[in-house]
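Shared between the two complexes below is subunit A, which has subunit B as its partner in the first and subunit C in the second.
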Partner chain A sequence: MTDNLPPGVSLSDFESAIGELRELLPLDSIVIDNPAEVRSYRDPWRVTPEEVLPSAAVLPRNVEEIQDVLGVARKYRIPLWTISTGKNYAYGGPAPRKAGYIVLDLKRMNRILEVNEKYGYAVVEPGVSYFDLYNYLQRTGSKLWIDPAAPGWGGVMGNALERGAGYTPYGDHFVFQCGMQVVLADGSVVETGMGALPQSNTSALHKYGCGPSVDGLFTASNAGIVTKMGIWLMPEPPGFKAFKISFPNETDLVPIMEVLRPLKLNLVIPNGTPVVGPIYELGHVATRAQYQDGKGPISEDALRKLVSDYDVGMWNVYSAFYGPPPIIENNWKVVEEAFRSIPGGKIYLEGDRPHDEAFKYRIELMRGIPNMAEYGVVNWAGGAGHLDFVPVSPINGEEALRQFYAMKERLGEYKLDYCGEFMAAWRFMAHVNLILFDVFDLDEKARVNECYNHLIDDAVELGYSEYRTHPDYMDKIANTYSWNDHSLLKTHEKIKDAIDPRGILAPGKSGVWPKHLRAG
Partner chain B sequence: MTDNLPPGVSLSDFESAIGELRELLPLDSIVIDNPAEVRSYRDPWRVTPEEVLPSAAVLPRNVEEIQDVLGVARKYRIPLWTISTGKNYAYGGPAPRKAGYIVLDLKRMNRILEVNEKYGYAVVEPGVSYFDLYNYLQRTGSKLWIDPAAPGWGGVMGNALERGAGYTPYGDHFVFQCGMQVVLADGSVVETGMGALPQSNTSALHKYGCGPSVDGLFTASNAGIVTKMGIWLMPEPPGFKAFKISFPNETDLVPIMEVLRPLKLNLVIPNGTPVVGPIYELGHVATRAQYQDGKGPISEDALRKLVSDYDVGMWNVYSAFYGPPPIIENNWKVVEEAFRSIPGGKIYLEGDRPHDEAFKYRIELMRGIPNMAEYGVVNWAGGAGHLDFVPVSPINGEEALRQFYAMKERLGEYKLDYCGEFMAAWRFMAHVNLILFDVFDLDEKARVNECYNHLIDDAVELGYSEYRTHPDYMDKIANTYSWNDHSLLKTHEKIKDAIDPRGILAPGKSGVWPKHLRAG
Partner chain C sequence: MFRVLILSTLAITIASCSNDRSTQDTADRDGNAATESAAPVAGGPFSAPPSSHAQPMKPFSVDELYNTPEKLYAVNCGICHAEGDNQAGTRRLANTRGEEYAVLVKRSDLHVDYVTYIVRHGLNMMPAFRPSELTDEEVSAIAEYIVAQSPASE
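Moving on to the complex of A and B:
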């Protein structure tokens, strides 16, 4: 059957559990005996040598089947690792926190339950991807836009639950979430917010019901299994105008962020604004091997040649306006003038650079059209691996430049390229670092791991940390949030023990372990 | 000492508790022996005959003193009812859920800990009122606006925690909250979100840290004592333009809400839009007694005379634009045209009606200037009482009219006036009903109570309910959120028992009772 048992579960208990699951679920709902199928739940990009495979996967079709699985998991205390699309490979993909967990794969629950044109929202199940929702809206002639994450195969729900971001004004996906259905570890089903009202007609319209708002508890979390979620959709605006501005110098980052801050704070620019470095900008159309022999990091000369070949900047700013054309033009005038105060910028509008693949896919994302273009960046280093490091800090030019240099230097020490962008949101910036590596190069992967740990420590010293991470680093990152003897983490643990007393749901997710696994 | 003991606490335990508090806290921090002072914590507008007085009040000056109080409360299992400013008299004011609780009055913790001009936020303690914050910003020459609730004496934190709303584009106060410090029942102090990171510089900039987001747990809740909160503030916009549009007929409500929905959904109108009925509109400048002899409800003739005397509409729409003047003018054109499609509307801009007190105070609120004008509405019925009933439903004309007629009829049955407005937010409307009554008229108060219960039942039948309420009705309203055998409420209870095992924090708040008080 398996030699990869869940932690703390005996072979005979495990066999009994699988036997019971087989009685409860259709035959094809349990993945266990086919090694290739089991291996499809691995993290193909792990940088540490240990293989983290699930013991099995179960694929329920509905809430009742989830309840059946939970019953068995509770009985034998088997950890379940819930995934929806499982496609965020920067953060572990479908693989569990520890080897031997059973993956609870919700991809078959992929119905779009409602699209409400009048009020601008959709209600989706976990398996619905951005592509699914977009195609459905196109097919039905909807006038609603989605806000996709960069890779369109991602899950609408999973991304919001992990507090992902997109590129339209609806980019803070958890803010635009409204109403959830959650199955708790004991099998009970809860509707949050207004959905708890029988015959409610506002579950996807008003974010809070009566009493505490629990939606946040189920984000980045192992508190329950979310099976349904409302997400607000933006009505097609009467006009759209995208721009790209490229700046020639690394140090231009300082004035760029200083110009951006008030434009973002005042929402003159209504969507998240990435300020993109050269490799993030071009890694999906070029590879390092085309520019230098051997491994990284890329030399300054090669970098300059890359930038010059494609005529892009050392920093490239993307954003868009949405609304009636006269309003767009007014805002554009303000933004254009502000950026013209920085010497050397080149300003482009839609249509200006027909062969600029980066501009093209960015425009699509800002228009709510999902695609996979950016994903190609993983080929830059050869071997298609990446791991993301995304600290959050105030929108500030000096701070951005300092982070950029520090990160580049640290990555360089480990012979890794800096492939980053600063994503300016409302009041903060996320410094998105894609650490690219060759999955077949064991030495490089070891360096990535060491570097990643180093980056976490560097960040803490400077007062910032990451808002999400790969399962392998969850404990370490969670422990950086250590104020007052880890009192927040202890609170998470207290709540975890109360609503999942058997500790079966995703033990270790975001650093939160159930009681019986905490001691170890 | 007191004959008003906390539920389940013996006189000797209570005396020991007070004795210990007296050793721990300065003399003036404990209110108990002065009946007038204790009575200052009553709900002056209770409509039911039972007197609900605390046994005592304690007024800590800082977190350490709160921890001291918690220690004593845990030891003797004394319920604490936390208030900040305690000024929301529509919902019980400072009075506890049950007689005998000790009120934990945080009004002395009233420091403005930080105002950040660059990033647009403030960090405040519980006792900071809208007036306090506004005056501070004015005094220091700040260019940041606040978003006050209608009565300016309300608390910035308390209002956000109870999910109150204001009238600028920053009107959803919980959305604009960022970062909290919370003292849990066990005395441990937690920073939520990015604040859990030592030396964090993003606690008031980025709403989520690593792992579950718990901020919502502490809203409308008895899960902890919030002692500090970040709140985003709007930078002064380059332009501001307010309007009022009055419509002559009750049935105009249908097209008004239909016109409003897309304007709100698309944020052409960026702030919450009240659509105000005549008594809500004029109750702060006129009284019923001036228009008819005897009690309510007001006759149709008298209502028409009132409306005509002040030249207002049966419905009066208020909103404003914020931003560069050309953008304002463009949006205003769209809004003006949309409302002109409804015959009979009268359109006013700032300055048009210098003697219109309602327009005046509404403009102030939309400009972020706190005031107490609207509060005068409580004098309409004589005797200054009111109780709020605020169901939430989709923005919809037919639905609004149906609710208006149903509510008016039900109130009329109980000889009460309809004093309501529909507040259109992004995707929902809150139907704000102020039930006005004479606090000295026992018969009228009995009718208000019966009517209120009736209104709750009416609403549930139609699929909607209230998002907050007076303590007396918390159980009833919480029980309307009954989907799947009250599974959400049961989840609240589970969490409550885990983080407040002695059940000392505000038992019964939002219908959530600790285990030892649930059975009863």
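Moving on to the complex of A and C:
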């Protein structure tokens, strides 16, 4: 591994650092000598040609071991790239921002520290996945639900820290985070919010405490290493009613979003509402090869046939109601009436379409049952990979249609399919574009990369950008938030330099580089 | 229209809150067993927490959930490779290899060494599993479990 040193670190310093880590940590806590194990930290879906592998990975089991690793990293100025479950494929997976970093892999810190049935929360360590928490709650007969991200192998903590989303009313994960413990670069340990009170019994109940709230600083960031986190869990509701409404025309997107906006603003629909296009809807059960020869994009005729074969809409709306049945029925009447104002919609309730696999997995997600169904959408394009472009904009019908046509056209220029949904949340819609490609097709991957850069530029011209991105594009996306001579990024850099003066924690995460690695 | 319906909903909810369900209690965060009075609590239609959770829990390593090869297989492999239409790996194998190769535990062509290799290296849409996720011993146990389920080994 000596040919893959951390940036700016000499071979002798690196060897000294590994030697010291070997003295401090158990033998099986350092991954370095076995090439297959090191390669297990690669990002299999990277579209740029460079292979980005870590020089090593360290696998601490507790806070003390993290502090030991930090001491060595500070001494030799070795960049550490922290991951929790490492399953956020399309956002880099377990791979570091740059080749040669040491990955700090927290997967082994996998304890559920507390589940509080009465007050409705859990406190978890970084390595606890949605499946883990769900399985634990099932085993113990808990009456609490989780809110899983679509692939259930993801981490409860990591997903919230990356500001990911799920499909129950608790779907905006960072909103439902409450309290965290953070190890700073100097090794000190901090409890945020109410957790800073000795004998606190509200650290997972009140998000802010008194004074500045710092939790956000540790999301999508490189300011510290979060080692535990509180997350609110929804008590099993006395009633649940899921629905799907399919619309036949692409232009129906306009009235759909217009109908949705007041329902979301007034919290009549309690969970995030995806409005799903055909390939996102069916990519996990059908493949492009079944509908046309050769590569994409799929022809309009083939797309129509796909939609007709599976009897789905050009747009498919999913949501659910939770709570006492009388409230559900009243709210359902409001929602049903609102959507019936759009001609051509077909309304389905749970049980209406027993062979509709998309409806099935989405009902599970809306009920807090983790699964991997949506991961299968990568089957659509052949060799199975995706890169996500997810700009955020107001919930607005004309805007949605404009974006849809613009993206579809741009993707088409690069011979790529449009596989998208609009996720309407509190007051915005996230336009989730899964750019599907064949991982074995180098030409296609090059086109994806070029297209992605083009999409970012297109979006900026219209005044929007992504809320999260793959490590390869972190600098570019950070630079889209450029108001007042990049004053936000400069603020992040000031904080970074103060809180991590040796610049060892995840250099380049979200475009934030420590002073010694900044250009210019 | 909205307002009328929401107000009527509230009325129904409030009306249904007047039952006198006895409640069980759980422990507080600091571990003290709760000692609330026996006065009725307005839980309405919402169920009380299960009494089995009255005691504070000890930190629980999720490794304890997966203490057999079968359980390790289920949470690491079965989530994509079990039988069923919404199984990403099963669907993939059906598309590329054919239905008879779709479900891992029904295949008779798999060998322990091959499965072990694929788990650590990944294949196509399946990413590699890191040593932090599965130890070598766990990978072997899973591989042996899968091969042992094969119709040929019965």
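The definition used in the following text is that the second predicted complex is superposed on the first by the 518 of 520 C-alpha atoms of A that agree within 3 Å, B and C clash if a C-alpha of one lies under 4 Å from a C-alpha of the other, contacts with A are read in each partner's own complex, and residues count from 1 in each chain.
Heads up, the rule we're going with is that a residue touches a chain if its C-beta (ideal position, glycine included) is under 8 Å from a C-beta of that chain, and two chains touch if they have at least 3 such contacts.
A quick note: this is a predicted structure, and the numbers were derived from the prediction, not measured.
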Subunit B versus subunit C as contact partner of A:15, first or second or both or neither
neither
In the superposed arrangement, which partner chain does A:458 touch: subunit B (first), subunit C (second), both, or neither?
neither
I'd like to know which partner A:232 touches here: subunit B for first, subunit C for second, both or neither.
first
Going by the contact rule set out at the top, does A:139 touch subunit B (first), subunit C (second), both, or neither?
second
Of the partners subunit B and subunit C, which touch A:330 in the superposed model: first, second, both, neither?
both
Going by the contact rule set out at the top, does A:478 touch subunit B (first), subunit C (second), both, or neither?
first
According to the stated criteria, A:350 is in contact with first (subunit B), second (subunit C), both, or neither; which is it?
neither
Check whether A:375 is in contact with subunit B, with subunit C, with both or with neither, and answer first, second, both or neither.
second
After lining up the shared chain so the two structures overlap, which partner does A:57 touch, if you call subunit B first and subunit C second: first, second, both or neither?
second
Would you tell me the residues on subunit A in contact with subunit B in one complex that are also in contact with subunit C in the other?
118-119, 199-202, 235, 237, 262, 266, 324, 326-327, 330-331, 334
Touch list for subunit B against partner subunit A, complex:
118-121, 163, 174-175, 178, 184, 188-192, 194-202, 205-221, 223, 232, 235, 237, 261-262, 265-266, 324, 326-327, 330-331, 334, 392-395, 425, 427-428, 460, 463-469, 477-478, 480-484, 487-492, 494-495, 497-499, 510-512
Given the complex, residues on subunit C that touch subunit A span 1-2, 5-6, 8-9, 12-13, 16, 25-30, 34, 44-47, 49-50, 52-53, 56-57, 59-63, 65, 75, 79-80, 85-88, 91-92, 95, 120-122, 124-125, 127-133, 135
Would you tell me which residues of subunit A are touching subunit C in their complex?
28, 31, 36-37, 39-42, 44, 57, 59, 86-87, 89, 93-94, 105, 107-108, 110-119, 127-129, 131-132, 135-136, 139-143, 152-153, 199-204, 235-238, 262, 266, 268, 284-285, 287, 324-327, 330-331, 333-334, 357, 360-361, 371-373, 375-376, 378-379, 383-385, 439
